[in-house]
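Here's a structure for you.
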Amino acid sequence: MEIDRADGRTANQLRPLACSRNVLNRAHGSASWSQGETKVLAAVYGPKAGTNKNENPEKACFEVIWKPKTGQIGKAEKEYEMILKRTIQSICLLNVNPNTTTSIIIQVVHDDGALLPCAINAACAALVDASIPMKHLAVAICCCVAQNGYVILDPSKLEEQTFKAFAYLVFPNSIISLPSEASPKPVSEPMEHGIITSVTRGVMPVDDYFHCLDRGRAATSKLSDFLRKNLHLQTPTDPSKAG
Amino acid sequence: MAGKDNATPTTYSPSPKIQKQKRAPVFSDVDWVRPDGRAFHQCRPAFLRTGAVNSASGSAYAEFGNTKVIVSVFGPRESKKAMKYSDTGRLNCNVSYTTFATPTRGQGSDGKEISAKLHKALEGAIILDTFPKTTVDVFALVLESGGSDLPVVISCASLALADAGIMLYDLISAVSVSCLGKSLVIDPVLEEESYQEAGLMITCMASRSEITQLAISGEWSTPKVHEAMELCLNACSKLGEIMRACLKESSSASKE
Amino acid sequence: MSAVNVSADLSSEMEVDAFRRLFPLRFYERHLLESIRPDARPLEKARDTTLALGAVASADGSALAKIGLTTMLAAVKMEVMTPTTESPDEGCIAIDFHMPPICSPMVRPGRPAEVATVISKQLSDTIVSSGMINLKDLCLVRGKAAWMAYLDIYCLDADGALFDTALLSAVAAFSHLTIPVVSLNDDGRVVVSEETEGQKMDNEPVNKDKRKLELNSIPFSLTCILHKNYVLADPTAEEESVMDTLMTVVLNSSCQLVSLHKPGGTFLAYNAAVQDCIALARQRVKELQSILTEAISDMEVD
């Protein structure tokens, strides 16, 4: 059942995480996030006045610009932009700054697997750095499924290509403080079990997907601890916006 | 992630028709047969239907033999922001081809020229004063190109405009004629168009006997032009009748 | 909150159409309370679906799919290419999804709509990763020639569930596909072998017995809206614009998960909702499968 990973990690082990905020001085908020060799830089500009065409002016609007490491933007990057935009829209408070546009620029520094989750984590940290009002943070993870249903977390590029299927999952981070309002509906599951975004590729049995969900949820609690600690560390004066 | 798609290899169509120009034009004799077996002065059977696209203000689908087009009309709606104030309405036309419209993939024209012609043909029939400051968009998609694309697009567009309730002086019908050797053929198919020595297209408002556009290409003698125009005008008025019947049918169907 | 109260008071004295335009969310939520949708569908019911094969004469395979009012035309054209050195015995599929300006008031001519690019990518990922087509079947002469299948899907009318309709038209176009019989000519190019009158074909056809593509485990999809505790199957464009949490489940014929796509949205998907969607998708796969089989058998009768 065990799978030997090239870098000697166990199935549940994530690559070393690193996050630093306020790395760019011109942007209103910025962050770099790396998971092992994969590294992404995110910059946030805004909110600036006015919304783009076909957007709802009664809400805050977001645009995501994806810059690949080399070459031009293709279909895959367009898809990433769309997923990232929708994910950000769902975690931000859209009623606070209506009729404004906030731009998020994602620069891929190096891609070694789990690129989109890494970009989502980076964007999230950059949004906090820019003090964009948010409902909660999001943490993203990639799970790979092997032929026998075995799940590994945070794959490298090579693992992503050799495994038969993978899923990118985004969950809300676990809330430590009491929820401010009464939760909208009586859910049996805690909020951090809800999926914000799910993108999968490759054929897998339905049970394997639920297996991925469980493993992903377990791992994201570690990720969100890391994110929270990092945000607290760098904002000693203003811890309120972290979560 | 199959990121290979950026390196698309060069491909070619295995169909021999495109590679060698087969069948030298033999149209000089009088008794050749048209590729689809029609008489020289016989149009292809026309199928017209309005209301093909639900999300548009008005739309129509036209099928003349293998030529299939859809036209959607949007508006009158807000003009582009860059546009200056105008106390008459504006007309905006765009024609595009599907990649499978032509025998070889992706060889359809970009539609710029045909868009401009469509605009000119329709402009004269629309009562632009009825929608000041706004724009009516006429968008056409040629699903399959089987010859005489422009006249079919124009006729279909006028039907779509009527379906959208845009005020018109009259319906516009369009027909083209090709001159091949000594003979004139009406409503030419793609093959005939590619061998034609001269072509003529008339778009007209049949019940007002007004021509909105006349396009002539190639070398014509005066009697030939007269003959061709007669042919076209005749066919236009018949096509106009069919279009009117189609509109009546759809309006009576919606009343029920 | 105040807007909600105002709308509740107004609803009794306002015309239905005005209420629908002014308070779309309230309008839908009132319907949801009664477990019905404005178009009289129950929440979990998909719209009427039709499929017609062979709609485009100039293509090698084509299909017109309609789910409700959403209409898509898909056509496959086969061209010949030289396979890459890494996979000398494999052909290739190129999938493109187009939204011409005729399909929706939101699309203007010029730059392609952003949704179109994203759906295009999703479609090719789904079709390629589902393993429906064995690329080795597209090989003609190993290392020399292979088929490149160009699949182009045009949206003719956009009224929600674009991905579902596009995928249905795509798989139908592939199942209608008849590969032309070709042979190698003297220059080593691949040409269609035509049976000229009486004369025997000079060159032996290379693919006489491979006229149809074998499709294994065809993928089908269902898009659902998640709104609070409700799950609405097969949304219309209006529903998609009012309630923004969408989840698309793609299952293959043996009910394995090909893709589960949920890009953000106001509401979170909990296990129960995911399971509901997958269960609805399972039913829908059966429906779509029988619609496809019926369309194919209709084709054979003609």
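Some observations on this one:
In order of appearance the chains are A, B and C, and numbering begins at 1 in each one.
In this text, contacts are C-beta pairs under 8 Å (C-beta built on N, C-alpha and C of every residue); 3 or more make two chains touch, one makes a residue touch a chain.
The structure presented is a predicted model; accordingly, all values stated were derived computationally and were not measured.
Where touching is counted per the definition, the chains common to chain A and chain B are C. Here the chain at the heart of the shown protein, by mean C-alpha position, is C.
Work out the mean CA point of chain A and of chain B, and you get 50 Å between them. Taking each chain's centre as the mean of its C-alpha atoms, chain B lies 29 Å from chain C. The multi-chain contact residues of chain C, meaning those touching 2 or more other chains, are 125, 129.
Residue positions of chain B touching 2 or more other chains: 5.
Contact of a single residue of chain A with at least two other chains is seen at positions 75-76, 201. For chain A in complex with chain C, the residues that touch the partner chain are 54, 75-76, 78-79, 82-83, 85-90, 165, 167, 170, 172, 184-185, 187, 189, 191, 193-206, 208-210, 213.
By the touch rule above, chain C contacts chain B in their complex via residues 56-59, 62, 69, 71, 73, 75, 77-84, 92, 94, 96, 98, 100-105, 109, 124-125, 128-129, 148, 150, 152, 154, 156-159, 180, 182, 189-192, 194, 237. The touching residues of chain B, counted against chain C in their complex, run 2, 5, 8-16, 19, 52-56, 59, 66, 70-72, 74, 77, 94, 96, 98-103, 105, 137, 139-141, 143-144. Every residue of chain C that touches chain A in the complex is listed here, in rising order: 106, 114-115, 117-118, 120-122, 125, 129-131, 217, 228-229, 245, 247, 252, 255-272, 274, 278.
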